[in-house]
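In this document, chain identifiers A, B, C and D correspond to the written order of the chains, with residue numbering beginning at 1 in each.
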Amino acid sequence: MEFEPELVGFLCKWCSSAGADLAGVSRRQYPSNLVPVTVNCSGRVDASFILKAFKDGADGVLVSGCHPGDCHYTSGNYKAWRRVAMVKRALEEFGVNPSRLRLEWVSATEGDKFASVVEEFTGEIRELGPGPFNHD
Amino acid sequence: MTENKKKVAAYWASSCGGCDVALLGLHEKIVDLLENAEIVFWPAATDFKYDDLKGYPDDEIDITFFNGGIRTDENEEIANLLRKKSKTLVAYGSCAAQGGIPGLANMSSREELLETVYTKTPTTHNPEGLIPSEVSTRDGVELRLPGLQERVRSLEQAVDVDFFIPGCPPPPNLTQKFLGALLEGELPEKGSVFAGERTVCDECDREWKGKSISEVRRPHEVEIDPDVCLLDQGIICMGPATRSGCGAGCPEVNVPCKGCFGPPAKVDDQGTEMLNSLASILQVGEEGKGLEEERNILSGLRDPIGSFYTYSLPSSIFGGRVDDGGKDE
Amino acid sequence: MKLTDSDQDLVAEVEELSGENLYACFQCGKCSASCPFTDEMDELPNQLIRRVQMGDRRVLQSKTPWVCASCLSCEVECPKGNDIPAIMEAVREIKLRSNVDETDLRDLDTRGLPEIALVSNFRKKTG
Amino acid sequence: MGSKPRVGVFVCHCGENIAGSVDVAKLAEEAVGLEDVVFATDYEYMCSDPGQNKIVEAVDEEGLNGVVVAACSPSMHEETFRNVVEDSGLNRYRCEIANIREQCSWVHRNGGTSPTSKALKIIKGAVQKVKRNIPLEPVEMDHSDKCLVIGGGVSGIQAALDVAEAGNEVILVEKEPTIGGHMAQLSETFPTLDCSQCILTPKMVQVSRHPDIELMTYSEVREVSGFVGNYRVTIEKKPTYVDPDACNLCGDCEDVCPVEVSDEFDEGLSTRKAIHIPFSQAVPSSYTLDEDACLGLNPLCCTECSDACDADAVNYDESSQFVEEEVGAIVVATGYDLYPKEEMGEYGAGSYQDVVDGLEFERMLSATGPTGGEVRRPSDGEVPNNVVFIQCSGSRDPENHNPYCSKICCMYTAKHAKLYKESVPDGNAYVFYIDIRAGGKEYEEFIQEVQEEERVLYLKGKVSKLEEVDGSLRVTGVDQTIGEKVEIDADLVVLAQSIIPSDRAEEVSKQLNLNLGPNGFYKEAHPKLRPVESIGGGVFFAGAGQAPKDIPDSVSQGSGAAAKAMDLLAKPTLSQDPQVVEIDEERCSGCGLCLGQCPYGALELNSRGIAEVNEILCEGCGTCVSGCPSNSLSLKNQTDEQVNEVIKAYVGD
């Protein structure tokens, strides 16, 4: 059977989760591999959430927030940007392909973009194979 | 020797030996201790054999100070043995408590380690490229070495631990505090850490004045202001993510905290918290304007794992280098 | 071009002859965009108007008014309703009225030439 | 949850919207098998009356203390179901929505892994979250009913009048001796050419007479503490040395005063005495003794003004007073200044007398100005025949000056050119411009009228150089339409200097914890949707301090800021979503790293050196929670534990 990646997506409530909702409203189909965790702001995403998701067996992690300048809380997404950069660096050192972690800006009007991001990410991780703690 | 004397043991597993010295660092207090306690096993200071230990009935030892992490089969065997023979087992020092500096070896595989140590270091003279193995034969005699395990673990990751006294090495006052509680019969609940409940910042007089930092600098690159938080001056100081109890001795003398006391009470991964916080406060210019530069600074940091997980890698979320199940790009 | 030395008489003359307010032009360029003959011109119609606004006498040397066929494309499209062909005509008139005779009949080979061509030639080269 | 969790899961079919691709019966069946789930059911429309009743009944009969509704997006019906849960006697936060429609059934109709298994994961996550939710009540707080307006230009005046008209007390603080701001200096206003003072001074009088407006001129805000609804403000009232109630404006003091200094109201084009009134319609209508210019306030040196004052209004012993006020809302209307022409190296850096800026030219055009409304050049008082207006002077020049468009200069330059031509019909007016930006009501028509009727020559291109040659100003520019350089020997040059924020903006932004944008203008909460609000709330922007603005925009924004302030003040109490940050006082070491991460300034260190959160200011983004290195901060009902358990529910098995 083909490898089906398990993906966790941290979506900010105001932009990206609303964007994911819009994808639904427009019935835009995309793979069901990513399960969304809605958080208030992408700035709420702690580096440890990402590492724990991998530790729990995730093959890829998406962090998605409002576009730069559009954060509902003005600047949380910039923190997310830096934390993701830092975690990517750590992942690399730990021997994990940093492409398993992805940061995207998806606004509430970008349903199609959200779907494309999930589609693309799922494909990419399917290519990469199972994550560091998923050896089954 | 009175009957009431507590039976005390100390053991040294994968560590530098500094913790044993730290026990002696009690100075004259050790005399008080000996009035009330009897040393029944302490390879670094007294001539006991493993067989002596094996001969004790279970729970014979009142208290065992175990320092060092679990690196070899021998470490693990004795840890198990001491666990069985001790009423109370204390993970003593950073290595036993979190894995410590030897734990950084978890960023390499066992084979890489042996190869580096026995063939690659500049001071190694090993023309035949011999690498020790668990079993070898010399002159017809079979020689055995304790097995080197794949990973360094903290004591708790191998056996059940009652108390933790962190530090590299633990400062004498914490050991004394523990001994006092022991002798008074007032030990706290199992799992307690004999150190502060907050972070090093609580004991540090330096002040965080800014809102963010705009660069990361190494201590020698800065003329350090003695009143301002080291982090505020761009120096990576682990203080904010490190348990208090040491009295902030390092930052007090312009040396950034390296995190030897391990994570504070609510944190399970010290390194991740610190790298996360550093990313949170790094800001070049107006927020949102220096994103590319910020990313370059963060991804250009030298040795992030070594900096953030100096003492805690084995007990961190990943525990060390992992095998990406997938293909490399 | 030094504007403080500009020829305000030129401005007044063009306005009088054309009956147009040159300052009504705000240089949108639509006249030039709609003109079918700009390839043959040495400056665009809007540039010619600007030169006249500026009182630049060099405008009298320009080819542009002579290429202008008064097709009225520009006038139809002008957002300010300016009669640009009238301005072109005014420039031509001023040039003609300067009374410079540039045609010597003797140099012309008039055989086989339609009469109207001869008249045109006088009109263009004589003023 | 204090008692053992008893969670009920309610799976909605949403007709075929969910049931069409997700096996809803299976979800309900599997949900009952989850730890702590004691009840699960599925129903066609959970949001319908019978559907809602199922929840109420189950809470009652099964003793539920947590409810998960697996249905559409929380943005659709979270409120609905939380109300239902509240009606059934539980705290509204005992309810969580598992979004299995928009983010599952609608998007996974064909192929891939099963939508049902994804829906189950989402439900598992919601169960993990809801059983860790704590009951919360809205955070309520009293507030002051007063409004502080900082800045008495037209925008601040409008804000103050609107707020006061609504019945709230207003304190209007103005640093100058009179309100009116720059608008009071203007001659006429574009595009209607109303006399500026004629339309402004009645409003100024209205302010001074309004029973609910306390006018504090010659005053500055010195200190602000507190937060939205409850600011404590210290205002310094500088001494004017003249009792405004006693002063009868006879002007005798001014006549005898021996000190003459440059008149700032006339932009230095005239002089005034040390004791002066900025202009005759100033409000409050009273004299001010400029202590810097006065011979020292020393009766031994000079007592001319005091001696001359029959009303005994002059008092040399006055000193600064500090007034403390509590206010609920603050309107910041600190306005603008002109970018100094001294910065314009290419245009003589302020060294040529006959190169003036826009405000100086306004004073020349003003009937009450130094030349009585006649355009006369400063150097020799002659009437200028060739006047060059240079637009974008200091604007749209990221390399050397300011990068932005100052917005109002195209219009006021056209007005200047028109007024000049009206004053000197035979004169020539030249305007150099990059673009004409006339995006306002009847603005473009005005520009065209000026060009056409006043015969002003508009030259497209920026002036590169200005130098004095043979007693006139040689202006070197270009006209891009003909692609040729042009030169003009001008008698007077008017620079449409860039608009910059008033020099008070920086201090005010520090006092109120406001953000400034890259050019020093106040940064609004959202550039499009919240243009008059500050990020932190409770502080509102009016006028050109937020961005360059003309009069109608400044007045509109003044009213807008007033409306926002009134909206806040009208509430009996301020309430806030209670899902805010909480601090573990036993753990926080006061390292301070969180403080700067909060965009709202909701965090500060208390007297014990421990972080404290202001629940009114906290918006609950949780950025600081993730940025706290000791995990001493948590976000109520979105704790680290909750997120980690949701993750486990998704990928751990």
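In the analysis below, contacts are C-beta pairs under 8 Å (C-beta built on N, C-alpha and C of every residue); 3 or more make two chains touch, one makes a residue touch a chain.
Since the structure is predicted, the reported quantities are computational estimates derived from the model, not experimental observations.
If each chain is reduced to the average of its C-alpha atoms, the one that sits nearest the average of all protein C-alpha atoms is D. The geometric centre of chain A is 67 Å away from that of chain C, both derived from CA atoms. A straight line joining the Cα centres of chain B and chain D is 52 Å long. Annotation: 55 Å between the Cα-based centres of chain C and chain D. Centroids built from CA atoms put chain D at 35 Å from chain A. Among the residues of chain B, those touching two or more other chains are numbered 273, 276, 280.
Not a single residue in chain C touches at least two other chains. Residues of chain A in contact with two or more other chains: 46-48, 52, 69, 74-75, 79, 83. Pairs of chains meeting the touch criterion are A-B, A-D, B-D, C-D. Across the interface of their complex, chain D is touched by residues 197-202, 207-208, 210-212, 229, 231, 239-241, 244, 264-267, 273-274, 276-277, 280-281, 286, 289 of chain B.
Only residues 4, 6, 8, 17-18, 20-25, 27-33, 35-41, 43-49, 52-53, 56-58, 69, 72-76, 79, 83, 115 of chain A touch chain D when the two sit together in their complex. Contact residues of chain D toward chain A in the complex are 73-75, 99, 101-104, 106-115, 117-118, 121-122, 125, 525, 527, 535, 579, 597, 599, 619-623, 625-627, 635, 638, 640, 643-644, 646-648, 650-653.
Chain B makes touch with chain A in their complex at residues 107, 268-269, 272-273, 275-276, 278-280, 282-283, 287-288, 291, 294-295, 298-299, 301, 304-305, 308, 317-318, 320-329.
Within the complex formed with chain C, the chain D residues making contact are 386, 428, 430, 447-448, 451-452, 455-458, 460, 479, 481-490.
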